[in-house]
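Shared between the two complexes below is subunit A, which pairs with subunit B and subunit C, respectively.
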Partner chain A sequence: MPDTPVTPTIEQFGRRWRAGDISAATVTETCLAAIEARNDALNAFITVMGDEARRQAAEADRERAAGRDRGPLHGVPIAIKDLIDIKGVPTTAASRVREGHISSADAPVIAHLRNAGAVLIGKTNLHEFAYGTTSEDSAFGAVRNPHDPSRTPGGSSGGSAAAIVAGMAVAALGSDTGGSIRIPAAACGLVGLKPTYDEVSAAGVVPLARSFDHVGPLARTVMDAWLVHEVLTGVSVPQGIGAASLKGMTFGVPDSYFCEVMEPDVRARYDASVRALQEAGAAVQQVEIPHAALTAAVYIHIHATEGSEYHARMLERVPERYTPVVRRRLEMGRYILSEDYVRAQNARRVLVREVDAALGERAALLLPTMPIAAPPIGAETVSIEGRDEQVRALMLRCTQLFNVTGHPAIAMPCGVTGGGMPCSLQLVGRRGKTHALARIALAVEAAIG
Partner chain B sequence: MDIQTWLDAAIADAKRRGIPELEPLLRALAKSTEALRKADFAEQPDAIVDELSDLSRASNASVGNAGHTRHTDN
Partner chain C sequence: MPDTPVTPTIEQFGRRWRAGDISAATVTETCLAAIEARNDALNAFITVMGDEARRQAAEADRERAAGRDRGPLHGVPIAIKDLIDIKGVPTTAASRVREGHISSADAPVIAHLRNAGAVLIGKTNLHEFAYGTTSEDSAFGAVRNPHDPSRTPGGSSGGSAAAIVAGMAVAALGSDTGGSIRIPAAACGLVGLKPTYDEVSAAGVVPLARSFDHVGPLARTVMDAWLVHEVLTGVSVPQGIGAASLKGMTFGVPDSYFCEVMEPDVRARYDASVRALQEAGAAVQQVEIPHAALTAAVYIHIHATEGSEYHARMLERVPERYTPVVRRRLEMGRYILSEDYVRAQNARRVLVREVDAALGERAALLLPTMPIAAPPIGAETVSIEGRDEQVRALMLRCTQLFNVTGHPAIAMPCGVTGGGMPCSLQLVGRRGKTHALARIALAVEAAIG
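Moving on, here comes the complex of A and B:
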């Protein structure tokens, strides 16, 4: 089990900071001390921006003393997944392919964080080029889960999740192409928000599959995730949100496909969460997404093609600099026929309509984030009720559809397994309605405790 | 091109390029391609273009491309 996090949430920090009970410098030093103490074991950070973070924290404290308040993220230490550009800092994407690269400009999301007064504490480790769900294929070594270092923190934004759990940052940025924010949030017991497609700029972010890539926050609470998300969209002073009322709210539950293969402990926590929502006054209706079982086939033909297009020249020039697993995945994508890519794009429109129809007039879809708890590092299969299942396929199973369709989705903790590993619930909202989804998530978070 | 012909050519090319370890991935991909081709995704090309336009309009109207507008939904 991890040490109890010593960093406050964004909300807690804001209250104490504005009351003069704590300084941004103190919280930043706490994070830097945690990095110093635990990063060798967890491998969460690739680049620690200690001097810059201290300067930004001191500036935030000076501004507050002078009466300038930039809003909820002012003075908050935030970690950045190391495929997002910060001017003057390497963007490694956890790959030797990018050795020597220094970013010439801030990505728009970084510029937004700076305007909001956030403290950029450093850049976090990830699955190389975000092409994996475990954060173990990295030029900088595998990231480890603070809840159990023999297990993966999920991926690809595994370093961002591990950093928050270990008290190395108050919140973090990730990217999500098939679940890469929500999967590590699930594996580490955090909230992870994938917004509607194209709601947050992905400029200045090393792409994986451009039409699936999303940028979003990982945080300890729904409110914290919302506040970071708002800043990422360009809102200079984000406002808090109020929880929606669960009484009379209807959730769609697409159990078919999404709940067919689950570890028993994870299923028990999921079922308990659904019951808790019903006890809080919400209704639950079974819904069907008729082609859900074909999601992986649609996903791979688009995802692998787009990823390979971006990497084609580097695969020719410096193939030996990739980790072997990621190189193989990228090379595989180069063999996909254009006719099958178009078939997958056609199928994608069908899936969009099917998810829209499943939502209908309902508030949100309710499903697990991940059907298993964080697996051991290096495991290719896990046994579920006597049958071996592929780890990567299972980790993507409940999340990748909403990268295909672009619907907003949020992962939130819903208890732990008998072995103490986190379980996670996922809510999916209407396209363009991330705000409404966050209000529902706030209510769900309170109901499932 | 039928899937078996494609798979045989892809495996041979991967071996020629010195990456025979691609074979298991290509075989798995072939199964996915087979599933995709067999699926009954009834879709008309015109409807696809319309849907793309609708998606783009809906996304831009509701949130703005870089999200500089405030959300008004509840």
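Moving on, here comes the complex of A and C:
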């Protein structure tokens, strides 16, 4: 399986490019060649922007030659989830509902990437309208996991994750409404960063549930993810981060809910990561989020309501254009009572307070990103220690709370199962303190190697 | 009709008290005597706190004698809408549903009044749970308008307004979810101030619709209302305000919707007030709020949903304890779909932008508070120029938009109809700029005198 990246990280590219060892044109051609070779099998891209990417790469090389340096993303091929508007390009949302759409303007995050000199390599496949965790319900076919094409790459930003793993892009943008950046990062062995709610503009991005929608990066390292995130917030030149010191740092582990049901191999990798942090000098304390088990109920009432509200007219006019699974989910959302929506919004405030309290003075919360490795495409259940468990509920179980509460969260690889599938650790930081979280994540990444 | 106030304004009392011409005990006894004489007829108070008020008044007089001055509200008898918690006193919300309730703590606004040295004279009657504009559906009987007891004093803070007019209190607290401070102020010829949303704490106040609930004062003058409002925001000693200059000031008048249906006498008083402002040197410009006519639809979906969510359990357990009208309104709210609630919240953001745009660089918006004078108790419709119009819709028509948008608004008297019933002018200011609005209102009050 050719899943060893053939592209450098953003940091590696930057060093070599500024040393004159590699051109943006070269790395862009490498990505385009990987797309050419494997996209039919993986369904990672919906739209490949080859000509435009070549033009942008050549321009970056010219600028560098002329002494102009736009910072770390200059000349870097980045893939864009096809839910985000790029002027003059269709935003399909992986749905036939959007047939004929051409974006009239760049989303603010795209404008920021252009200012940073990034190369926009193309638009990636996703779960239709981001309404799913597996990227299998798409008008453009199921995205496949480059580590094992019989398995899902996670979702909804599955194409963005698969593109990086397959060397089709150096980094990618995703969106995360219940885990849609972190779940594919976990399933594909990447870093995925969901910032604090409302820190990055979601304008020009097809909404799923406005209360929960976040835009953020997928990348191969914490530093890469941070560099893209900085640009998305609109800073002109990203500054990078230095690692925090783990010595004397305290992590809160809310195990009682988040580690209740786990695949044994995934649990073993998670436990080993926690031990590695302790060996590096960090303390680990059990913490409680008393109403964590209500998260799914709170989530679904808000998520389904807002999703269905956005889609209501299209569901009435062109229901047959949706994939059957996503259509059913959207239609069910139309029967929720407003009283239950408001009750969920009230409960949400309780959960925010509980996560704040679990953090307390601690550096971050530490928990798995996903209690299972990437499941087979089409699987509705997986068997864990003899019990059948719902795939969708498990995939969302550890991530969706932080969409409900808006806390920043980062997923990072922490080894592989016996079958070679990636496992993932999640860190959750204080609201508004994504920078502090990223510094901690950089140290954790080094400690768990 | 003995509706000439026998109590001084806050300003008048303060001057005389500090000059040694009157005691807090005296003005408190005057109020208690008025309650004794007329409360059976008017139903303004649910709970009279005579002993406690006498104790507080004596304490204020002792403090003044000892040289301690707590500022403008020191020694001033203030009535409290019986939706607001006073420790050790029932909060009935004018409902049998609350039988047996005793507040365990002061609401923050009550704590602020105590710190300012105010005398809490009692708890005033209201439309049950504030769910109505006429104060006629109450477990304690309909409140009556002191100007004409066959008419409503407006609502839901009808008891607070009637108490001031009848000399039972110098000022009063109300709450305003669709106009519940401004409507009784208009119906009774008082000043009513609804501040910017979230400027005054609504904790310890039985909620109606949290998105729209505001706490504020009713009083006889703009200055009095402002002084109470300042204390409610938590400032230790209110500073008062100086009048703005009307010369060269520009008002926006959104007449096309708000003046479409009006009683001729009320329109005449409104038009005369606008002319008086022009004569005082102010300019008046027509402005448009393009979706103003959608306000009622946006309002009802949010208001009814949030009201019913709060009452859901009580509606299931003790439905027979509600008055029939309020019970029916609350039960209808339980059938709203969440998609419609979210759509209304989205439309709300449009209305906020439109009111901001109508304000533009202008000093304030100028419109009627109520297109009719206080209607007869029990009337469901009134006839205007030969057409039957719904009383409830008309009473809310000019006020509810600013609950939807959160802009500060002040109602003030602008003369009386041929039948002697008060008419009212409304000024609307910028969000967060209640102080600037009050300064303008002080100048307008002087100009329309």
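Assume the second predicted complex is superposed on the first by the 446 of 449 C-alpha atoms of A that agree within 3 Å, B and C clash if a C-alpha of one lies under 4 Å from a C-alpha of the other, contacts with A are read in each partner's own complex, and residues count from 1 in each chain.
Simple rule for what comes next: a residue touches a chain if its C-beta (ideal position, glycine included) is under 8 Å from a C-beta of that chain, and two chains touch if they have at least 3 such contacts.
Since the model is a prediction, treat every value here as computed from it, not as a measurement.
Asker: After lining up the shared chain so the two structures overlap, which partner does A:338 touch, if you call subunit B first and subunit C second: first, second, both or neither?
Answerer: second
Asker: Once chain A of both complexes is superposed, is A:406 in touch with subunit B (first), subunit C (second), both, or neither?
Answerer: first
Asker: Looking at subunit A, does subunit C or subunit B touch more of its residues?
Answerer: Partner touching more subunit A residues in the overlay: B.
Asker: After lining up the shared chain so the two structures overlap, which partner does A:153 touch, if you call subunit B first and subunit C second: first, second, both or neither?
Answerer: neither
Asker: A:192 in the overlay: touching subunit B, subunit C, both, or neither? Say first, second, both or neither.
Answerer: A:192 contacts neither subunit B nor subunit C.
Asker: So in the superposed three-chain picture, is A:122 touching just subunit B, just subunit C, both, or none of them (first/second/both/neither)?
Answerer: Once the two structures are laid over each other on A, A:122 reaches no partner at all.
Asker: After the superposition on A, what does A:234 contact: first (subunit B), second (subunit C), both or neither?
Answerer: A:234 sits against subunit B, while subunit C stays out of touch.
Asker: For A:306, decide between first (touching subunit B), second (touching subunit C), both and neither.
Answerer: Touch partner of A:306: subunit C, not subunit B.
Asker: May I ask you to decide whether A:436 touches subunit B, subunit C, both, or neither, giving the answer as first, second, both or neither?
Answerer: After superposition on chain A, A:436 lies in contact with subunit B alone.
Asker: Determine where on subunit A the residues touched by subunit B overlap those touched by subunit C, and list them.
Answerer: Shared contact residues on subunit A: 301, 335-337, 340, 343, 346.
Asker: Going by the contact rule set out above, which residues of subunit B touch subunit A in the complex?
Answerer: On the subunit B side, the touching residues are 1, 6, 10, 13-14, 19, 21-22, 25-26, 29, 32-33, 35-37, 39, 41-43, 47-48, 51-52, 55, 58-68, 70-71, 73-74.
Asker: In the complex formed with subunit B, which residues of subunit A make contact?
Answerer: 108, 196-201, 232-235, 291, 294, 296-298, 300-301, 304, 324, 328-329, 331-332, 335-337, 340, 343-347, 349-350, 352-353, 406, 431-436, 439
Asker: Going by the contact rule set out above, which residues of subunit C touch subunit A in the complex?
Answerer: Listed in rising order, the residues of subunit C that touch subunit A are 301, 305-306, 308-309, 312, 333-343, 346.
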